[in-house]
Each structure stands twice: as structure tokens, then as C-alpha cells.
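Written below as C-alpha cells is the structure these notes are about.
Each chain gets a letter, A, B, C and D, in the order it is written, and its residues are counted from 1.
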């Protein structure tokens, strides 16, 4: 299989090189914006997928950590003039700290109980940020001061800079996932994802596993929060703790293929590009058309390819480049 | 009445049984014997439609059950009492029994069937209002068997009815099964307790590794050296 | 002070009745079909529009149009189960949740296309009247809604306890495989369960219409509360959902009164999370998973 | 949408015509992404409003007004200094969502050669759009009232109408007209709009002789208003200022009626000044007070616009929509003065111009001049009251169309 491995490496290198050069080709700010959002949401999906995909803990409350990351860096920046680059890491730390008590509570629960408790957690955080107005601008929120071109403060005139940051985040996310997938931890996670009791029975320390992967997942999610707020220049509790972020994180993974390295990326490319293009074709004037079409596409994907689209893509890839047997093996591994 | 012909079935990619052939005649009591994991339960599940056949066919009363969902196969007159005392825990004993007579045919005879079950298992009559999940193992087994009888089946399939029961309870259960058989219901019995089973059934099949390795009358099997060595501990 | 508390309790119970109709539907679907329906709020919306158009186009009182919205949504539920949910039953939590999530998105936006985002209200003779008992009052429309909600919950309970189909539904919920061996057709039972759940949500819509505006996003207002009630009352437990819904209505009302009007939900969520620490399977869950 | 069959009016805009214009604009924006140069006969104006999501209803009203204004300007001969160039509207739906607003503002500005944009109804959305516009050096006009829009380093954001703090002042003064010692309960939705407005009320109340007995934020979009009403009742207030969007407001007004609470209600702006408010609560609206940055009966010009809008869409033109018509005329006047479609020139013209007549000056007081922070130096709000199913201006006296009825 070494031949396949090297071909894969080759493809990845080509892809990565193309990505690095992308800002040279794409000059439209609009298309650049789509690419940036695809990278960002892929990253959020990858972060979610570590826990939701491998350990099968369906969290719909990752917005909690996204928001904590966003608020930490913004408060450090505006109140103390600390660079968002530092704030980003600090935000990750805050998210990890918060994940300990939240995890301690939510991981006692399983299935839908767990899912709904994570939603409630994120909601409570949002409501608290709304309630305590003097703590962080309350419902009014705040805009990020316009500093022009200030790389140290994560502000840039050119979109290309935002692109490279988002790309770097995604690469970090993918490398972390790749490393986890190939470590003993990855095997344990998949085992507990398949059957918690059985995993516990064969000696996997299930609570510890969950806690560890949750720490990683929430740290990465918080990084995304910081970048996102710097990118849209504005923060308020409904934006930072948006339920949509939680849903999107899970959705891109499911559409792409959960528990796979590239699943969230594939899912995001499909969903973000579709929704943006639908928006620019159908948006404005005819309220509801674009989201109607979007939801129909979503349902079609779930019904037609419940295991995600990644499997389909690898199938097609092997049909073109490899023999059929290989593609079946691959599908079995991905499924 | 029941013909299982060259049946194979699998769970995903793992084959469970292959090339099984079994016959059960009208009013007959037949045993399906073998060690744990020999494919006994899988055979039963294939008969009642809970797993799909990958090869072969099952006919009951001349009707091929191919493609039928389990509830259609039940309508033909097969009552499958699954392994492990699977009662409906949050339903009362009486409700459990009533569910047994859910289909229109049995429903018309519901009261008579209930009386019959209560005659066979007097303890259930006294515990009608108790939630089935709160009863002892043996009592739950009685509910499960009684519920099967409520279907007024031509063939009663019993999967390990004595599993986990005390020897006294197990004796009682076998006594009851014998009673049911003598009243005219055909029985297909799966048991790990081979010596016990052989006292009850007329004929039996021995399974190993998902295949039938032997079959014959109870007496033949009880005297077979291999059976004695492997299953009867002689 | 006593009056204020009494009034807060009344307010809480009345709105709790509406939460109950939504949450009982969610819990019924989960109990039998094992799917969490994220689109239940949008069904309430559909019920509201049904009653709205019955009232404005045909002059039918919203309470009477209950007799239209419930059967109509029952049929929708049967179709929903047959054409969509049935196809994802074996696929696990995630595709199921996101299928119903997509459905909720679809319904909201189709409503937006068809009816626009306008807030639609209807004025009935009892919409803004109240019964005053000494210093406290009970709004008539809400009292009727509460009464009908309790009646429908009771009817559902009787249905599940006394009819063969009801018993079959409970049996399927507890052990779908064995219930098939009893000759029960799960497709039929599931379709009826989803149909009933949607009919209840439709009833909630009709009952809300005399005092609540209809608009495409209205489902969001009730769904989160319904979910919390469902979990608190133990998923799949109809009586549990009813009691939990009433509790949450009261908790919300008291929270608004004594903690702050922006804290009703915080109080509810904290109560919810604390309950789950003590009883991870909800108030009525016992030890089973 | 009430469509008129009458074709005689000069201002009448054919619906099909409007649709085909926008459709054509859509096609242009799609296929000419890179090549849309400063065409001699078309000037592109961007408009960002939520036509889906939670604000969809009002957003649609904003879009309607935008279309009307563009049509009015084009029918009157377009931009004369640009050889009669017609305005071309490019619409975008920001889905009531902050992320989408960010993307859509970017898309609008970078995909089209725009001269100016306006939007977005909700303050939170406008704040984001204004940040993007600022960095793209694109003038943005808005009727949003958040004081934050005039703060910081913004140079391209123009706010022709009253600020949140001014709304509070007007509301308090009106309270004094009704009662000598008003005891007010302020209940406000916990959003940017709610907090901004209520903060002004709290700051200014003592100076204006108004006692605030309850100051209560609530979670927007509640299922039931009665717990909140119960609080108001317990506070002993004789006047209520709900700062709310339509849905909550309907419930609040109805629950006050159900509770039999006798209080004067001043609903401020938000959902209160929408035609749908009156439609939703019917007679309960009668006599209720409010404050708006614009009203359809303030001046002859506003009455004209209102007549045209009413003919087209059935309802009277509400506050924010009316403001949009005025803003569009301000943009047109700036284009006229600049003699160029270049946004930087338009920006320059906007900073220099003073509007005192015509549709561009449709503002309480009839005078608009932008200060260095983009704020109209002469802006103040107008007090309104629901009388016989119509929203009439009652305060201050110079803008009043009818006198305030004390109930």
C-alpha cells in the first residue's frame, strides 16, 4: 500500500501548494470571503469532529467555547490593549478550563440527554453575558476598533492575510486530528464511540478519554471564535454564542462524513459554497427561497448519503485512479 | 409444517448460519441443540424473519416466507418466544398477555386464551396488575411463554426458556412446556441443557459452527457417543 | 406579596399547559420511534396558520378549527414518518437529528415564502378578557388552552392505557423487536405515534392562536422549552413530560418575578442541569438507560 | 400586498416594472462581476435588509420603500449631472444574521461598482455593515439609532435621524405632558436596541422629573408576557415604556389588557410604530404613545410619499421605511452634486451638503447636515400616537399633525 500512500501524499502536497498560491488567482474580495469562510467552518467542523465524530458525543453546544474564545480575546484587546494573537491562546485556555466543569456535568449523560444538556449550557452562557451588562458590553456588544493595517493586532487591509490565518488554523486542526487518529487515543475514542460500555469493559478509561478529547476540541473551537470576531469586527452574545455555530460545526461533519479526517472539509465546501451561491443568486427580494433550497439539499444528502459525501468522493477517486477492490476497502474504512 | 431448506444468514459480513435444513411436523416437538454460539438463536431469528436469509428458503404451512417482515410471519401461526425473558417491562402482566392476542384472529379468542394461560401458570392470574419488569426471572419467563400462547400458534418457538432459572423453576418450566405440547401445539425448542431437552422433544438437530452436524430421534441422540461426550458430559 | 406569588403561579401553570402539548409530542415520538424531532415547533406554527386561515377565510373560531388542524397534522405526521423518518431509523442519532433539523428549516422558509413574515393575529371575543377572582386574574383564552391541553393529555393517556393500539405502541416503545413477534406492524404503530404527536402540536397551535401571533419563526419560541421539559420528565415518558412542562412554566414565571425578567430561562436551565446531576435520566427515569 | 388597480398617479410604480428592474440588476450583478464599469447611464446603490430570519417582516417593508424611492428618482429623470443616469438598486438579504451581514456587505461592495449603500434595520447588523463599509471606504446611510454608530473612528457612516439617547428624552418629555409625577416601568428587550434606548431613559429620567419604579430587561421572544406584567403590576407604576419588537409588544399590550392594568403606555420606537402593530392588537392600540425618527404625516413631502407607498403596498409607510426614502434622496442629491458615481466623491458631497428641502429633507425639523461623526446636527425624534387606527405625530408641537389625546 506504500504506492497508494505516496500518491496520496503527492495529491496533498499539490493541493496545499495550490492553496498557498490561491490569493494570487482569486482577486475578488467576495470569492476570497467564501474561501475564508470555508476554511474557518472546516476548522470548526474539524474541531467538533474530534469529539462528535470519533467519540460520537453529539454536542450541539460548541458555541459555548467559540463564544468564550471570542470574548476572552476581545476583552483582552479592548480593555487591556493585548494583541488578539495572545488573546487567541488565552481564549483557548479559558475554553479548556470551562470545559472541565461543563464536561463533568454533561458527560454523565448519554444520547439525547447529553445533546440537549450541551445546548442548554451554551444558552446559559449567552444569557449570562446578556444579563451581566457591565461585564462585557451586554446586549449592545461592541465593534472591534478599526486600526487599518495592523498585523500585530490581527487586522489587515487585504483579505489574503485572513486567508492565510484561516488556512493555518485548518492545517493545525487537520494535523491534530491526524495525530489523534493514529495514536492509541484514536483507537480508544472509536471504541468508546461504538459502544461506551463495551469500551469501559475492555479497560478504556472512558471518562478520562472524553475529558481529554473535549479539552482538545474546545481549545480549537475557541481559536476559531477569536479569529471569527476579528474577521467580522463585531461581537455580541447572540453572535458569539450563536446556536447556528453549534449546528454548523456538526452539520458540516455529518454531511462530509463524521469520524473522518477530511469529512468536515468536504461538508463545509459543499454547504458553505452552496449557501453562499444560493444567497447571491436567490437572496434579496424573495424571502426564503435560498434557505428552502438549502434545506432540501441538506435533506437529500442525509437521505441519500447518510455516511457523508466523503465516501462518495473516495469512490469516484478510486473508480478513476484505482481498482474497484481498493475502493471498497477504503469505503469500509471510512464508513 | 415448517421447512427450513439450505438456509444461510449473516450479521453484516459475519456469517451466522449456513446451509441449515430443519423440518418440524404438525404437533411435533423438535429440539435445536448445541453449544453457545453454535447458531441456534440465529436459526430461530431467520425463521421468524428477524434476520434476512442470504440463501435458502423457509416455508411454513406451505407458504414461503421470503421477504415477509416478522409481523407477517407471526400471522402465519408462529410464536417466537425470544431468549432472555424479553417481556415488556413497563406493561402489566395482563397487558403483556393481551398484546400477545393483538392480531385479529387471536383477539377474538382473547378471553379463552387468557383462561388457558392462567390455568397453566396460576401465578400469573394472581399477579395480573404487576409490572412485568418487576417480577422474578422465572415469572418473567412464564409471562413470555404465556404471551406466546396468547397468539394461539401452530408452532411455538422457545429460545432457552430455562436460561438463568433455578433448577426448581427450570423443572417447572419444562413441565409446563410439556403440558403445552401435549395439548397439541408444535414446539421448536432451543436449549443448552441438552439432556433436559432430550426428555422433552421427539427429535432434535445438533448445531455446531452454524451448521447442522447431526440429527435424529431423542433416543438416538441420547445414545450417541459424540453427543454424550460433547453435551451430556458422560 | 401573596397575590403576586399566586398570580405568578397561575401564569406559570397556564403557559406550562402549552409547553406540555409540544413536549408530549416530542416525547411520544422519541419514546416510540426513538427520534428527537427538532421540527416539532414548526408543526405548532403550521397549526397556528391552519387556525389563522380557518378564522380569516372561513370564519371558524380557532378553538373549533382544532377539529381541522389536528386531523390535518395527523395525516402530515403519518406521511412524515412514512416518507422521511422511516428511512433514517437505522442510521443512528446524527442523521436523524439533522434530518428533522433540515425539516424545521424547510418548514420555516416555506412558510416565509407562502405567508411572508407578517405577524398574524386573530381577535376573538375571549382573546383579551379575563376572569378576576379577588386580586388575581385568569386570562380566558389561556384558561381554555390550558383546559383543552389537559383534556388532550388525558385522552392520550387513556388511549395508551386502554386501547390495543395504545398498548401496542407502548410495547413497541419498550421492545420493538419482540413487539414484531407479537404481530405488531412497527410501521403502522410508528406512523400513528408520529401522527398523534403532530396532531398535539397542531392543537397547541390552534389553542395559541387566540392570544399569540403567528409568524414563520414562531416555533422557536416553544421548542427549546419543550426539549428541556422532555428531558427533565425523562425522554419517552408522557406523564413525565406533562409534569415537567408545568413545573417549567411555573419555574420560568417565578424566575421572572423574583430573579429578573431576563432570567426566566436561566432559572429553568439551571433547574434542568441540577436535576440531571442528581438524576441523569430525568425525574421519572429510574435507573434504566 | 395590496396592489392598486389605479394607473393614473404619476408616482405609481408598476410592480412588474420594479420586479423586472431588480431581476435585470440581479442578472447584471451575476454575469458582469468583473466588468461592471462606471456605466454612463446606471448608478448602483446597494441595500442590505433582512428579508428572512427573525426580522424578515420589517426587512420586507424596508425593501419595498427602497424600491419606491429609486423609482421616484428615476421617474423624475435620474441624476441630471450624470446625464440623467438612472439609479439601479442592488438588494441583499442579510438573513437577520451577523455573519451573513458581514459576507453580504463584502459581496455587495466588491461585486458591484456601488456609489453608496444603506441598511440594515437592526443596530447590531448595521454596526457590522458599517465596519465593512468603513474599511472599503463606501458611504453607508442608516436609520439605525445606536449611538455606537457615531463613535470611534468611523468616517463613512451617516445617520440622518435621531439617536437612541434622543429617543429617551422625547419619551420622558411626553410622559410629563400626560402626568405631573409619572411613575414609569421601563421594560426592555435584552438586545442592542433595547439596552441602548433604556440606558438613555435611565440617565435622563431624574433630570426630567420622571421616576422610574421598575427597570427590567427581559429575554426577547418570550412565550408569555404575563409574568412580566405581573412585575409591572407589583411595581405600582402608572406608566409603562416597553422597548420591544412587534411580537413581544403584541403580547405585552394584550396581557396588560387581560390583567386589567390601567397604565399609560409609551411604546417608543421598534415594533410599536409598525402598521402591523395596530392590525395585530386592534382597538387596544388606540391612544397609545410612541416615539419615531420619522413619521408619515410630518410634512407635505412625507404625506406625498406615504400616499404613493400606500397605493403600492396597502399600509402606511412606517418610520424606518420612510427614513429610507429620505436617505435614498440624500444619496441622489450627493450624486447630483458630486457629478460622479465614485463613492469617494459621493462621500465628500455628503459631508458638505445641507438638505433643507424636498424629499431628502424629510426628517423631523426638515434639516439635515452631517457633522464630523456622521451624525445629523439637527436630528431629533417625533412623538406619535395611535388615533383612530392611524399613527399621528403629536410631539413636539412644530411637527405635530394632531394634538396629543390624554386618556
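By definition in this document, a residue touches a chain if its C-beta (ideal position, glycine included) is under 8 Å from a C-beta of that chain, and two chains touch if they have at least 3 such contacts.
A quick note: this is a predicted structure, and the numbers were derived from the prediction, not measured.
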item	value
Fewest hops from chain B to chain D - one hop per pair of touching chains	2
Chain closest to the assembly centre - both centres taken as Cα means	C
Chain at maximum distance from chain C, centres defined as averaged CA atoms	B
Between chain B and chain A, distance of the C-alpha-averaged centres to the nearest whole Å	51
Euclidean distance of C-alpha centroids - chain A vs chain C, Å	32
Cα-centroid distance, chain C relative to chain D, in whole angstrom	37
Contacts with 2+ other chains: residues of chain C	109, 112, 116-117, 216, 260, 262, 265
In chain D, residues with contacts to at least two other chains	51-52, 56, 59-60, 190, 217, 219
Chains grouped in pairs wherever the two touch, ordered by label	A-C, A-D, B-C, C-D
Interface residues, chain D side, partner chain C - complex	51-54, 56-57, 59-60, 187, 190, 216-219, 221-224, 226-228, 230-231, 233-234, 246-247, 250-251, 254-255, 257-260, 276, 279-282, 284
Complex contacts: residues of chain C adjacent to chain D	4, 7-8, 11-12, 14-15, 18-19, 109, 112, 116-121, 123, 127-130, 132, 137, 139, 142, 211-213, 215-217, 220-222, 225, 252-253, 256-257, 260-262, 264-265
Touch list for chain D against partner chain A, complex	22, 26, 29-30, 33-34, 51-52, 56, 59-60, 63, 90-93, 95, 97-100, 102-104, 106-107, 109-111, 124, 127-128, 131-132, 134-135, 146, 148, 152-154, 190-192, 194-196, 217, 219
Partner chain C, residues of chain A touching it in the complex	52, 58, 105, 108-113, 115-117, 119-121, 123-124, 127-128, 130-131, 247, 250-251, 254, 258, 286-289, 291-292, 294-296, 298-299, 302-303, 306
Residues on chain A engaged by chain D in the complex (per definition of touch)	28-30, 33-34, 37, 127, 130-131, 133, 138-146, 157, 228, 231-234, 236, 238-239, 242, 244, 276, 279-281, 283-288, 290-291
